[in-house]
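Dropping the structures in below, format is structure tokens.
Shared between the two complexes below is chain A, which pairs with chain B and chain C, respectively.
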Partner chain A sequence: MKRSIPLAIVIILGFLFVGYVFIPHKISSDFYEWYMEWMKAMSPFGVILGIMSIIMTHTARIQHKVPNWQYSIVTLIAMIFTAYAGFAWGTQEGTPFMWLFKNVQMPMGATMFSLLAFYIASASYKAFRARSAEATVLLLAAIIVMLGQVPVGVSLFGEGINDITHWILNVPNLASKRGIALGVGLGMVATSLRILLGIERTYLGGGE
Partner chain B sequence: MFEIVSNWVAAFLTLCIFSFLYKDNPFYRFAEYLFVGVTAGYTIPLTWEMAFIPYVYRPLFLQHKFILLIPAFIGILYIFTFNRKLNWLSRYPIAFGMGMVGMGVPLSMHASVLVQMRGAMIPIESINSLLVFIGTITILLYFYFSKAHTGTYGKVVKIGIWYMMIGFGASFGYTVMARISLLIGRIQFLVSDVLHIIK
Partner chain C sequence: MKCVKLYIFGFIVALLFSVGVQSNDLYAAPKAITDIKVIDIPNDDGTGLQIEWKALPKESRIISYRIYRGTSKDTLFFIGEIPINVKTGANSASMSYYDKDYNEFLDIRSPGRLKPEKKAGKTGPFYQKIPKDMKIVGPMLKDYSILGVIAKDEYYHKTKKITKIVNEKEQTYAGLKSSQITLVKKLIPGKEYFYSIIAVDEKRNYWPAETVASGKPIDNEPADPADFYATYLPETQTLSFEWGHPLSYDDINTYKIFVKSANDAAPGKLIYESNTPQPYASPDYAILKLQDQKVVKSGNVLFDFSKTSVDQCEFYIMFTDYSMLSSMSQPITAKYISKSDLPVIPRLNIIDKKNDKGDYNTLFWGKPVAYINSVQTVGKNTIQLSYDYGANCGYKVNQIYFDIYDKDNKLIKKVNEFFQDNIFKVKLDQSMEEQGELKVKIRFKYNGEVDEDYVIDQKLVYDSAIMSLRPSKISVDGRVLEDFNFTLMKKTQNTPLYRSLKKVSGIERESDDKVAYESSIFKGVSEYSLENNMFLVDTNIDVYWNKDTQSTISTSIYVSEKDNVVNKIKQQIAEVEGLIEKTNVPAEIEYYELYLTKFKNDLVAIESDNLLKEINSISNEKLRMKKIASIREVDKRKFNYFMMMSNGKGYVVEDSLNINEDGELDYVIPVSNWFDMEKLPTLIASLLFGMLVFVFVTLARKGKNLYIRPIAGIDEIDNAIGRATEMGRPILFCPGLSGIGDVATLAGLSILGRIAKKAAEYDTRILVPCRDYIVIPIAQEIVREAHFEAGRPDSFDKNNVFFVSDQQFAYVAGVNGVMLREKTATNFYMGMFYAESLIMTETGSTTGAIQIAGTDAVTQVPFFITTCDYTLIGEELYAASAYLARQPLMLGTLKAQDYAKFFILLFLILGTILSSFHITTIINIFPNK
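The block that comes next holds the complex of A and B.
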């Protein structure tokens, strides 16, 4: 009941989906439509799980007064206020909800990701200090690809830098991506088969 | 005036995040926690409008498709994840979602294996196609861990490593470019929209 029925659901649905791919019939497409309709009806409740997780984590931090617990109040107030803004004034352009998105969420998100530029520079410096042949090849390829994409690269090294960039992307990079894609593909098939046959059960979690 | 205030709010939060480059500090932490809160709060009304209303409320209450009460009920079982005694109930919605893994077997085989193999099995008519062929084979040999990477075999897989390093370098270059464009965007916002130094 606690483990076997969910496992049976996965196995039965899994084999039905294998059938769906191989059998182009109305019954099989009806099955897919039914499944997608049910999954869409289930999806909003998954978001509740995420929101509850945030609320519980930060409430516990405040209750137990863990170090820096005051910031959890910021998270909770920001979450409640943003959600309230969306429900009270709508989510269209020109509403407080969109103002929060454009002037709070979006600038901070872009800045967070732009911070990675500095850490990538630091990582490449560390890689270069490693002085291994592989690290040097990696950095040389990265530098050539970068120079080939910007006007300064062409003005410094001429049109030849573009040709080298295209060659790197179309020959060694293609071979690399193809080899990795084949490995990933075989890994995905093996993992999917393990789940389908009930060998892999970690997604069911621990306990009974 | 309103636009100026909005820009200053965005600029202040941008600088709060950038302050982490110096060291971890209260301004960065404030911005970090605010970002998490706003992002979480942002998803709630959007999920309500884009998922709950069209896929649960409308079919149930306007189109009277009462059969959808079953998936809605299964979806609610997610919440039992937090209950120690009843958390096994949350396995039902997870199992229902995992069922799609069956489609992954033939589709992964097709998209990641057969299509790539078809691309690799072309007549070797140029040095470049020979180089691609050598690269693909040596990389696959590198991922074969049942044989020790020593001797002649080790030298062959070393070629695969070099190919992968060039591939990773190309991806690294693209990632750096994307991050630097974001950084340029933020700097442009600060010096152009907020400080009006550049028109």
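The block that comes next holds the complex of A and C.
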């Protein structure tokens, strides 16, 4: 029962939504709108799962005094304080919650994002080391595309480099992207089919 | 340890500082608003007021102005808010709020009881929104013109029949609770309303204005008509008029056109009068066909142009509103035109829009058009021309031919756009500047045939400002298409008046008209019941338009009140007859008799209506209302369409009316479709794929050995888990950033099940940081089941599957922290990833972990390939679970996938070959999106 009821829900609703894609009728769209309203109503409750998970994980870490357990205290205090700030003063402009968002969360997020620039540089170094024939082709293609994107490339090698850049981006690059996209599309359909037909059940917990 | 304490100390200091900043008064104290003005909105129907005040300086750090309204100084309710950017301050020195039209009065967000704005003083006069408390809101109904918006099912089936004595007469109403109805309001002309403003600063302090201002909305005359044009076509003796919509057109009741001799001082004579299709916009034109130079209406000659010719006449237009206030245009003279000045109007066709839920009609007209919309340089003397084309249901465009000529009419290139990708290139002999001008002739092959007679001309002229060729307007037979617009109109059965639907450019060929399903019923609300705590609305509802009796048939929503409408009409007849008896004035008698005839006709119509008899024979309330709804909702969605073409200056051409086979106006209704034919190829492909799966699953079950190509990334999963076991370190599994609705996440979770089982067998800890709330319990259940299956339930710790954050980079920080602190030996990234992928995998790479990634995000694949040891690209992610399971059922789907790819490849090759020969059949089979 524990597995068959969720499985039945997945299969029935799955086929209903497949039907929705092909059936534009009012009954079908009304059903979809009705479902979406429920989705909107239910999704905020998911937040409770996240909060419970954070509290349980970090409480356990503090209780068992695992290494670096002090960070868990910081996490819990930050979570409680932010929630309190939001409930007590609201979330509008000028409230402590908004101040925290603008002056703590946003800069921290931006800091993490800015790291990407350095990681891209190091990843490029790894990718462009001409250790094999394929890597050499990659390196050459990258150099041409980079030169084609900047004025110095055109002044050094003329308009031709622009055409080669466009060709690289629009032909081999786009072809491989579309190849992957085709495979992804089929893979999605196949996985969806496996789930709909009840062949794939691992996501319900347990294997076969 | 010291370092950790320092972190905690630093964090607490930061928090305290944040609160400290809030409490510090870093800026000048705001000042309350002192000068509020309430001004009547000009040229409206007397339901609009403008509230104006001086904006506070930027230094006041105001974040919003809250507006309050009431019918007395003592009680003002919140009605709206204007947010202000605290950094820049208000955009102008003077702030305005317009309290006009129907807008919010009471809805689901309204408070249950009277709530003062505590920050502005607990004793008033400022209160939050008007509360749902009937004791407060009920008496307020008389102060406004209130309209109730009721969900149709609530009105049909969930009202309570309430009887109330109003004006000494017992009246039956439909009662609705505040949760069943949304109220919107309009101000009442001549009534005094009070307004005040509260300025809210950055610290959420409320600064009430020092004054409460008041004003009365006044019903004014309409704005003076502008853009009034007249033309005269002597060949057909046609006078045409065109004018611009006034600003508050919803107050206009009639348009009247007068004519007089230019030398005559006497008032003009009325030659045209039309009502407006309230509450919709009226078409802004009129055409008068003269008979022997005379304007004739119902046999009466309204004006004789043979005595005073059109060129010696002046014309005026008058707008009159519902209060009989009017405004007149300046006199104009008619411009003489010839037939050749007018375009040829194409025929308007109307069909139900295909493949929809039945809420659109498609309107289409004319032959297709194509035009160049931009020119770009893409190489030395090579230009890329982008074009657009407009086709419609009547013409299926097969090919578009572009013939490019130079300014000396020498052919440069012929282009056949057999597949319309909206772009083609032309190599010129010289630069665009030297070329100066290009001429383009555009022809079509549509519905399988080339139309040689239909040629579109366009010029591309060099513009030194943009240093490129600028496309000019397009023309057919010398007539510029863009100079004229199409005005689409429609009308329901119960009115002779067409409403203006939309104005579209002369190069458009198709337009959809939304015919929404009825979802709400609109009823005026002026009564309430305190004991039932309900708003009271009328119980009568229109059922349908009876074309035989030319009247609207209506009835009560309650069976017991089914004779209500008849009784009401009888009462009206008695009242009018009484009025006729009392007066001796012939004009008044004539006026009352018009009404008497109308009421008597209505009475006969309702009493003899068979459909109404059928409805009223149903005794079950619910079934009766269902029957009414089924008739009413179809009837209300029937429309007749009409089209005219004009240049906005009186050059007007009308299409003929859309008539059915019986010679009556053709009313169309959109139909709800059961299958989207555009998705037929998708369905066929899905079914074929399903069949392939079935075949290969059957083969696999029969024991046929299905070869699946080895995927290195999946083969290495066992080794990666083994490595973590040997090192005694945990495994990290990231299920991606998407939610459970993403197939990539489901695929990732399926792989998690296999990995968790193996890890449990080896007694290796697996950490699963999640970004989505819903994914957490599912991942926990998967890992728990895996431990049970492996016979190691004791080693399962559900805190190892945990939530980090739903913020992208906070999640990355959390995961990176886990990698660094836990020294994970193996990292799996399976699912959907965005910009965070590289940050995570680079960190994993620096910790020396073996990393296996799988994603369908094409943009992230290069990053994974660069930084991970193995990467499952695209479809391999979806194949991984089946690959690991090695079950016939699973392998069957993989094999089917490979064959499907083969068929796609086949179609690609076939399509490429055929399209090389200009055969686009294969391409056109597949949907565009």
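By our rule, the second predicted complex is superposed on the first by the 169 of 208 C-alpha atoms of A that agree within 3 Å, B and C clash if a C-alpha of one lies under 4 Å from a C-alpha of the other, contacts with A are read in each partner's own complex, and residues count from 1 in each chain.
Please note the rule applied: a contact is a pair of C-beta atoms (placed from the backbone, for glycine too) under 8 Å apart; a residue touches a chain by one contact, two chains touch by 3 or more.
Keep in mind the model is a prediction, meaning the values are calculated, not measured.
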{"item": "Partner chain in contact with A:A83 - chain B first, chain C second, else both or neither", "value": "first"}
{"item": "Contacts of A:Q92 with chain B and chain C, given as first, second, both or neither", "value": "second"}
{"item": "Touching partner for A:G109 - first (chain B), second (chain C), both, neither", "value": "both"}
{"item": "Touching partner for A:I168 - first (chain B), second (chain C), both, neither", "value": "first"}
{"item": "Broader residue contact with chain A after superposition on the shared chain, chain B or chain C", "value": "B"}
{"item": "Partner chain in contact with A:F157 - chain B first, chain C second, else both or neither", "value": "neither"}
{"item": "First, second, both or neither for A:I23, with chain B first and chain C second", "value": "second"}
{"item": "First (chain B), second (chain C), both or neither touched by A:L139", "value": "first"}
{"item": "Which superposed partner A:F31 touches (first chain B, second chain C, both, neither)", "value": "neither"}
{"item": "Partner chain(s) touched by A:Y71 [first = chain B, second = chain C, both, neither]", "value": "both"}
{"item": "Common ground on chain A, meaning residues reached by chain C in one complex and by chain B in the other", "value": "21-22, 46-51, 53-54, 56, 68, 71, 74, 77-78, 81, 99-100, 103-105, 108-110, 112-113, 115-116, 120, 124, 177, 180-184, 186, 188-189, 192-193, 195, 203-205, 207-208"}
{"item": "Interface residues, chain B side, partner chain A - complex", "value": "6-7, 9-11, 13-14, 17-18, 20-21, 29-49, 51-52, 55-56, 59, 68, 70-72, 74-76, 78-79, 81-82, 87-88, 90-109, 111-113, 116-117, 119-120, 128, 131-136, 138-140, 142-143, 160-170, 172-177, 179-180, 182-183, 185-186, 189"}
{"item": "Complex contacts: residues of chain C adjacent to chain A", "value": "4-5, 7-8, 11-12, 14-15, 18-19, 21-22, 61, 63, 83, 86, 201-204, 355-359, 379-380, 517, 672-676, 679, 682-683, 686, 689-690, 693, 697, 743-744, 746-747, 749-750, 752-754, 757, 770, 772-774, 776-778, 781-782, 784-786, 788-789, 798-799, 802-803, 806-810, 812-813, 817, 821, 835-836, 838-839, 842, 856, 858, 861-863, 865-867, 873-879, 881-882, 885, 887, 889-890, 893-894, 896-897, 900-901, 904"}
{"item": "Residues of chain A that touch chain B when the two form their complex", "value": "2-3, 5-7, 9-10, 12-18, 20-22, 35, 37-54, 56, 68, 71-72, 74-83, 85-87, 91, 97, 99-105, 107-118, 120-121, 124, 134-135, 137-146, 149-150, 167-186, 188-189, 192-193, 195-196, 203-205, 207-208"}
{"item": "In the complex, chain A residues that touch chain C", "value": "21-29, 46-51, 53-54, 56-57, 60-61, 67-68, 70-71, 73-74, 77-78, 81, 89-90, 92-96, 99-100, 103-105, 108-110, 112-113, 115-116, 119-120, 122-124, 126-127, 159, 163, 177, 180-184, 186-195, 199-200, 202-208"}
